[in-house]
Each structure stands twice: as structure tokens, then as C-alpha cells.
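Note that subunit A is present in both complexes that follow, paired respectively with subunit B and with subunit C.
Moving on to the complex of A and B:
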């Protein structure tokens, strides 16, 4: 009899612990998701929604109309295109320059390898966006000031070290034997790379590209310093911030969040592999 | 690799070295020079202007306080999240994805998200009003409410920046061999002992890089502050931005940049010393 009470007590203890555990998980999920939900309500609620008091937590008065109105505001769509352009340049350059370096680090032992790794790691101990400040002068001289290309270049400085370290890990994951077999069968090194290594490394490279995109898309400081009329979306939103009505700010926030969330979802399987490697 | 091919790796890293040389090393040297020169001659005028500026002391203090408040909480939260998912069987992937969503969110967007909650007619006030704690709309983000503004900015930073710490720590936890924990369990170690004596020492490298990355980012805090508090809460990068864009004084902006770099490098060195990583003891 007492034994039965004991076991049920023990089971109760276990389930209480499980309850606590799962409420912790749910609370942390809510901590992440509820603020995004609320800013979406703000973005879709329009002017009346922004000043409604007290607020309604249910999505009763929302429509896409206020968000579309925001998109039609002068400068928004153009800055959206500028952001895409800068991010595109960042992706292309950081992969084109970073992947060969990652391949060299993964496949070769050479003098200066450690110095190179040190240079790459050094960039991480630095507040890189700050470098936009002196670049202003050089950019004006070179005609890069206030251009999408100029922003893409400085964003590449942010993304390139990351791309080199991550692609190193990706190429280490492609067995060297496969590549050597291709050489035996008469492929040149370049053929072997594009026919054997590249297809196997492709998913990882795509994930790296997505991260480079997100790095550029989200960068605020350098983009704001280096542009005046050809602003990226973050720079545009920062400069009009103090004059914009509340619901425009929320719409801007939502517009910044949506693409990143989709991209992070697309590469979720690679998140830990990538950061596990790049944090070494 | 054969000797006559030894140029290949150099050819492969050369483009990135040239690029980083032009857009990382050169601007770095330029910043240092701009900060300690005046019209092309060495001078401490910019440094003096920076230090005697009205906002200087406040921005240093605010940046340090924010970093000290935010980074430890993020590390603890990330360790908690990491330990939680380690115990999960089903649904692990989904939960991890949800927790990493803020990784893709910019600091500016994070500021706007929390603005929707903390503004006068926002959700926080609505809840407090509904509970009868406040009677009318209360302002939290003005210079008259520095403590509330500080807490608001800290919460937004914690909300946005914890994901990256968690990812690095989960990646570290994944590399801890199961055998270590099982052995400790057999010898009767409590969960807390297992965590402090086995898990923590083994994830030191991950902890170290998470600390370095997060601290450098914390000293760079800017957009989140600007979105929530405007000019009410001066921070170092914000001051650099104002000197550059509003005052068009590139020298003082460079002085701030140098200060931020020195602080970041010092923090990195402290972590490298304090969180010792012994390669012999790694799994």
C-alpha cells in the first residue's frame, strides 16, 4: 500500500519536473515570438492601431493596407532595392574571395597559414563597421561614396572572414580521397574541383551565402555613414526614424525582419555546423 | 602536395588578403592617424575634444553598464537553453529554430520591435493598465526615466543577441562526449556538479568565443539605442555617428572609433587570459 503511494508520489514528482521543463521551453519560445507578433500587429494596424488605447492583443483590426501604404512611401522601395543590391554584392564577393581561401586552408599546409588565420580572427575582435568612418574620405575620392557598390564592399569586410572560416570547415568535410580519385581518372585540378568537390560542398556554400546576405541586410552603421541619397533600407529607416509616425516604424521593423527570418529558416540545418566551425 | 605546386595556396588566399588589406588594414591605420592628427600634423586635439565633450562620460558609462548588464544574462540564458535542448528528444529542431530566429534580426529592427511594446500606447502599458498597476499612459523611454530606458534597451539587446551565444554554446555542447556525463552519473555526481565540473570546463572554447563575439558586439551597440531612446541615451558608437554625420568632424569620430577598438581589443585579451583553454584537456 505504502509502496503504491510512494511510486505515485515519485511519478508525480517526475511529471511536475516535466511540467516545469516544458513551461520553461514554452516561455522561452514566447519570449522570442510574442514581440515579433506584436510588431506585426503594429505594422498592420495603421495609424489608428498605433494610438489605440488600451491595446488589443488579438488581430482584429489589421489589414495589409497600412503596410502597402508604407511600401509606397517615397524612398522605401528604392532603399529596399539598394539593400538587395548591397547584399548581392556582399554575397558574390565574400564567396568569390572567401571560398578559395577556405579551400586553401582546408587542403594545403603552407607557410603563413597561421598568420593568415590570425588576420582573419583579428577582424573578429574588431568593431568592423567603425571602419566606415575613415573610409568616407577615400570613398569620396574614389567615387564610391553614396553608392550601393561602396556599401557592398564594406559589408564584404564583415562577411569575408566569416566566409573563409566557414568554407574551410565545409571543404574539410569533403573527403580528400574523392578529389584524388578524380585526378587519377584524368581530371585536372580545376576539373576535379568543379566536378567533384563543388557539388558536394554546394549546400554548405549556399548556407554561407545566406549568412553573408543576412550580415549585409542587417548592417546599420556603415551603411548610414557611407550613403546620403542611395540609402539601404536600414540606413533609410535610421535617418527618417525621428520624423516617422509610429506605425511606419513598426512597418519598417517588420520589413527588415521578414526576409531574415525566411532565410534563417532555409539554412536552419546548417546553423550549428557553421557556427560550430567558425567559433573555433 | 608536390613542391612545384606550392604557389597554389598563396594564389588562393591572395585575393582575400589584398581585399582585407585595402578595406580593413588601410582604414584601420587611417582611423588611428585621423584620431591623433590635426590637419596632417600629430596632435591630440581630437582626443581632447572627445574627452571634454559633454556626452563623453555618459556615453562611456552607458556603454559599459549596458555591456555588463547584457552579456552575463545572455551567457546564462544561452547555457540554460543549451542544457534544455540537450534533454529533449522530439521537437528539438523546431525549438532550436524558434530560439535562433533573432539571429536574423538587425539591431534596428529589434529596437522597433521593442518600441511597439514600450511606447506610451504600447503593449506593456496596456497590460499594466489592465492589471490596474498604472492609471494612465506612462512614458518609459524619455531622459526623465533613465533607469526604465536602460532596462528597455537592455531587454531589447538580450532579446536580439542571445541567439548567437546559444548557437555557439549548443555547438560546443554537441561536442561533449556522452561517456563523460554517463561516467559522472555512475559515480553519483548531481546534475549541478556534472554541469559545473564536466560540461562547463569542456565547453570553454565555445564559451570563450561566445564571450569575445558578444562583448565586441555589445560595445558596438547603436541602432537599438537610437530606435528606442533617440539621443536620450548616449553610447560610444552613437557619439561617433553624430560627430561624423551631424558635426562633419571626422577627427573626433575617429577618436571615438579608436576608443571603441581599444576597449574591444582589451576585452578580447582579458577573455583570452581569463577563460583559459587548455588544448590537452579538450575532448
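Moving on to the complex of A and C:
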């Protein structure tokens, strides 16, 4: 009899735990998803939908019309291309510079390795706002002001610390012995890197690349300060949207969110691996 | 095919001396084990030979040519790693072919060599698979096949069996011996497992604390350990060490008397547990048995001789009760005498 009571108490404990677990998950998902949903609703619900109050949570009266109208607006497409260009430069440079740094951190022991890792992160602690004026002056002098390249360079600075640290984790995940086996069986260090390490690190390197892409894609401050005519999408929207109707703003917001959401969903596994949660 | 000369290799990691001047000559086609407890420097030595680690001083010659400063790939060797190190992004076929491809061998030769190596190690059915579909034992076979496929002058093996379970290890050990005999490759085999070293090797080099304590055939090393460490490390149960008084160059054990290489004071008797025979008490050494364990194939006795801990083995037909005192006679030809101060053994009596 007492045994039965114990089991039911235990089962109660388990179900309470499960309830807590799932309600936590639901709350976290809602925290992220509800705003995105509302933005999408505002963007696709037309002029009336955006202003309607109380909000209708069900998607009624959906039309792509405001979204298409937004895409057709002058400057949107050009700034979209500028964003892609700046993000492309950021990706290329942060992989080209960050991956070798990450490899060195993963494979070599050198004096000051730990302080280097800390220092690399500290570059992010420097508020960009303080740098804005000197940066603008130097950019004007260098001829980088109001260019996509200039924006790409400053975004690289933002993405590079992450690229170095994240690729370190990826290269640590490739067993050293595999590389040594390649050396023994006829590879130089460089050959071993391209034949063995690179193929195994590739998924992680791709994740790092898209990470850099998103950092650049979402960055708005530097892009606004350093450009006038060649704005990136974020910077362009920031200036344009304040004078636009509500549903129009929602369309812009949705367009900014979507690439990031798609990307993070695609690489979620690698992000876990990076922070040491994965089993290997 | 090549001989290897290791000439006074030293290696320090900061203040820690991993290798304190190691010299060893390995003949062409010979199988030599580096045997020692973990942290003794045996793997470091192997990695220095392979070129994966640099030595602080000393020379390594493979086939009369100094290889210090050469890249691993230019040393004419192959290696089997402890964790197999099979490339996960290549099929078994491409793994085995890797060394040949790097040598720019033509496809016909690659195919022939891969099939030969795969045949030796019975991995033909898996050639199209990826390593993650293989068990540990199969991966190990792939690693060995990869090494043999390049027909290396020297084969280095770093604890290749230690990640396998006991039964598989036994099986692979026998198979390795057959395969390597057939290949006739000069082999250096690092292990901490004395049965592996005893079973596989032409000669064993016992490494301890950055030095080679003894080099010899398995039988030599077993029967006449050069030092107390070697005697204690090799053999199961390990060699017994019993300190005995010497009078007039003689040691007395009951009715038995042995001439020893010391005149007076004390000497240490190195006694292999299975070399004794049971006798009435007082005939030889008497042993106070604490625990008698019938092991099926033999009877293992744990207790003390002259108040010093000892383990001996008697035939399974004997019966001994716990707490009993048994008499043991010694075989004078199979005793080792060691200096009590240095722990070094005296040369075996001619």
C-alpha cells in the first residue's frame, strides 16, 4: 500500500517536472516567436491590419501587396545589394583572417595565448559610438567614407573576434592525431590542412561564415554613420521608415529579420557544438 | 626495409626531462617493443622517431641516414595511432590508399596495394564504407592496412590495441604477429601491456623514467631482469624480491645453499613465482600462506617468505589451506641476484 503511494508521489514529481520543463520551453519560444509573428502579421495584413486595435491574432485578410510595394520603393533594392556587398566582404575577411588565428589558437601553445583570447573579445567592449567621429574623419581621409568596402571593413572588425574564437573551437574538434597521420602518410602541413582538417572543419567554418554574415547584416550604427548615399539596408530603413506608414515599416522589419532566422535555424547544431554542449 | 639507430636522444618539456639519453639499435626487419608504464617516455620516443616531436638533443638514423630535421613524410615510415586516426571523411578504400595517393602512385598500383593490405587484414568487405560505420576493431584493421599499404621501411605502432576490448585484443595480437611476420617490416611497438610485448616482440626495450632499463629477448627480460624495476614490471604475478643475509659468499635457504656474487652483508633474491617446487618445510624457503587461490590452471599463493611479501605459483594439483606454511625448493638456474643498494642485478651465472 505504502509502495503504491510512493510511486504515485514519484509520478507526480515527474509530471510536475515535465510540466515545468515544457512551460519553460513554451515561454521561451513565445518570447522569440510572438514578436516575429506580429511583425509578419503587420507586414502582410495590409494598411487596416496594421492599425487595427485590438489586434486580430488570426491571419485574416493576408496580402503580399504591402510587401511588394515596399520592395518596389526606390533605394530598397540598391541598399539590399549594398548590404549583401558589405556582408560578403565581412564574411570573406573574417574567415580569411579569423580561421588562421583560430587554427593557431587550437594547435599551438604560445605565451600570452589566454590573454590574447581575452583581448580579442575586449575589442567588442569598445563602444562604437565613441569611435564614430575619429572613424569618420579617418575614413574621409582614406577615401573609404560612404563606400561599401568601408562598411565591410568596420563590420569585419566586429565579426573577427567571434570568427577567431569560434574557429578555434572547430579546429579543436578535429583530432590532432588525424593531422599527424596525414603528415606521416606524406602530407606537408599545408597539404594536411587542406586534405584532412579543412574537410572536417568545413561545416563549422560555414557556420562561422554565416555568423559573420548576420553580424554585418544586422549592424546599423556604423553603417548609418559611415555612409550617406550608399546605405546598407538597415541604415536605409532607419532613415526612411520613420516617415512611412505602419504596415510599410512592418514589411521592412520582416525583410530584415528573415535572413537571420533562416540562418540560425540552419546552423543551430554547429552553434551548440561551439559552446561545448555537443557530446563530442 | 631499414635499420634504426637511436643515439643518445634527450627530450625536455620545460624543467621536466622526459627522455634522459636513450640509445637503441633496431635491426632490419626486427620487431622491438618499447614497454613501460604510462608517462615513462616511450610514446615521446616514438613520436621523435616519427618526426611528430623534436628531440632536445641526440640523433635518429633510419637506414644509415639521419632523419633529424626531416618532415615525417620524408622519413620513409608509417604509423598506427592509438586512437586509429582513420580519416572519417574518406571511405576505407581511400584511407588505405591515402599514403600511396600522396606518393602519386598510379591507379593500378594503388588498387593492387590496397587490395593486398585489405586482404591481409580481412577488411575487403568494408572498402566502400565510411569509418563511422565500423567497429573499433575494424577501424584498427583499417589503420594497420593503411600503414602496410605504403610498404614502409619502418612501421611505428603507438599502443594500437589498447582501445580494444580484451577478447578482440587477444585476437588482433595473434593476427598482427602473422601479418607483420609476412610483411617483414622493421617495427617499433609502444605498449604498456607486458603480455603484448612478450608475445609479439623479437626484443623488448623496457623504458622507465626516461631511460631504457634493459633490452633483450622476451625470455631474457623475463628470466634475468637487469633491474628490480624490470623484474617487478614484467610477469604476472611480478617477480618476488626477498632480501637475504650473505655469509662467506653463500646464501642459505633451509637445506639449499647458493653461491652468490657478494661476500657478506645482504643480497636480494629475485624469485619468479612459478620456478619453485613444493617440498617439506625446512627443505628450502618456507612460506607463510595468507591466501591460497585456485585459479584452475594453477594455484596462486599470497603470503610471506622470511617476513617479506611474496606470491608463488604451484601446480593446480597441489592443495594448500589459508594460513598453512609450505616449504619451497628453488631452482638455482632460475634465480636472479640483485644488489640491495642499486637494485641492479648481477650477471646471470654462466
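The rule is short, and it goes like this: the second predicted complex is superposed on the first by the 233 of 280 C-alpha atoms of A that agree within 3 Å, B and C clash if a C-alpha of one lies under 4 Å from a C-alpha of the other, contacts with A are read in each partner's own complex, and residues count from 1 in each chain.
We take it that a residue touches a chain if its C-beta (ideal position, glycine included) is under 8 Å from a C-beta of that chain, and two chains touch if they have at least 3 such contacts.
Please read all numbers here as calculations on a predicted model, not as lab measurements.
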Considering only touches as defined above, state whether A:151 meets subunit B (first), subunit C (second), both or neither.
neither
Go through the superposed model and pick first if A:159 touches only subunit B, second if only subunit C, both, or neither.
neither
Could you look at A:185 and tell me whether it touches subunit B, subunit C, both or neither (first, second, both, neither)?
second
Please indicate which partner A:177 is in contact with in the superposed arrangement: first for subunit B, second for subunit C, both, or neither.
second
Should A:237 be classified as contacting the first partner (subunit B), the second (subunit C), both, or neither?
first
Who wins on subunit A residues touched, subunit B or subunit C?
B
Partner chain in contact with A:226 - subunit B first, subunit C second, else both or neither:
neither
Touching partner for A:110 - first (subunit B), second (subunit C), both, neither:
first
Just checking: does A:200 make contact with subunit B only, subunit C only, both, or neither of them? Give me first, second, both or neither.
second
Common interface residues of subunit A with subunit B and subunit C?
none
For a test of understanding, state which residues of subunit A touch subunit C in their complex under the given definition.
175, 177-178, 180-188, 191, 196, 199-200
Please give the residue numbers of subunit A that touch subunit B in the complex, ascending.
21, 24-25, 28-29, 31-33, 35-36, 38-39, 41-42, 50-55, 57, 93, 96-98, 100-101, 103-105, 107-110, 112-113, 116, 119-120, 123-131, 133-138, 153-154, 156-157, 160-161, 164, 189, 214, 217-221, 224-225, 234, 237-238, 241-242, 246, 249-250, 252-253, 256-257, 260-261, 263-265, 268, 271-273, 275-276, 279-280
Within the complex, subunit A is touched by subunit C residues 50-52, 71-73, 77-79, 81-83, 85, 87-89, 98-99, 102-103, 146, 150
Subunit A-facing residues of subunit B, complex:
1, 6, 8-10, 12-13, 15-17, 19-20, 23-24, 26-28, 30-31, 34, 80-81, 84, 87-88, 93, 95-109, 111-117, 119, 121-123, 125-126, 129-130, 137, 159, 164, 167-168, 170-172, 174-175, 205-206, 209-210, 212-213, 216, 219-220, 222-223, 226-227, 230, 237, 240-241, 244-245, 250, 253-254, 257, 260-261, 264-265, 268
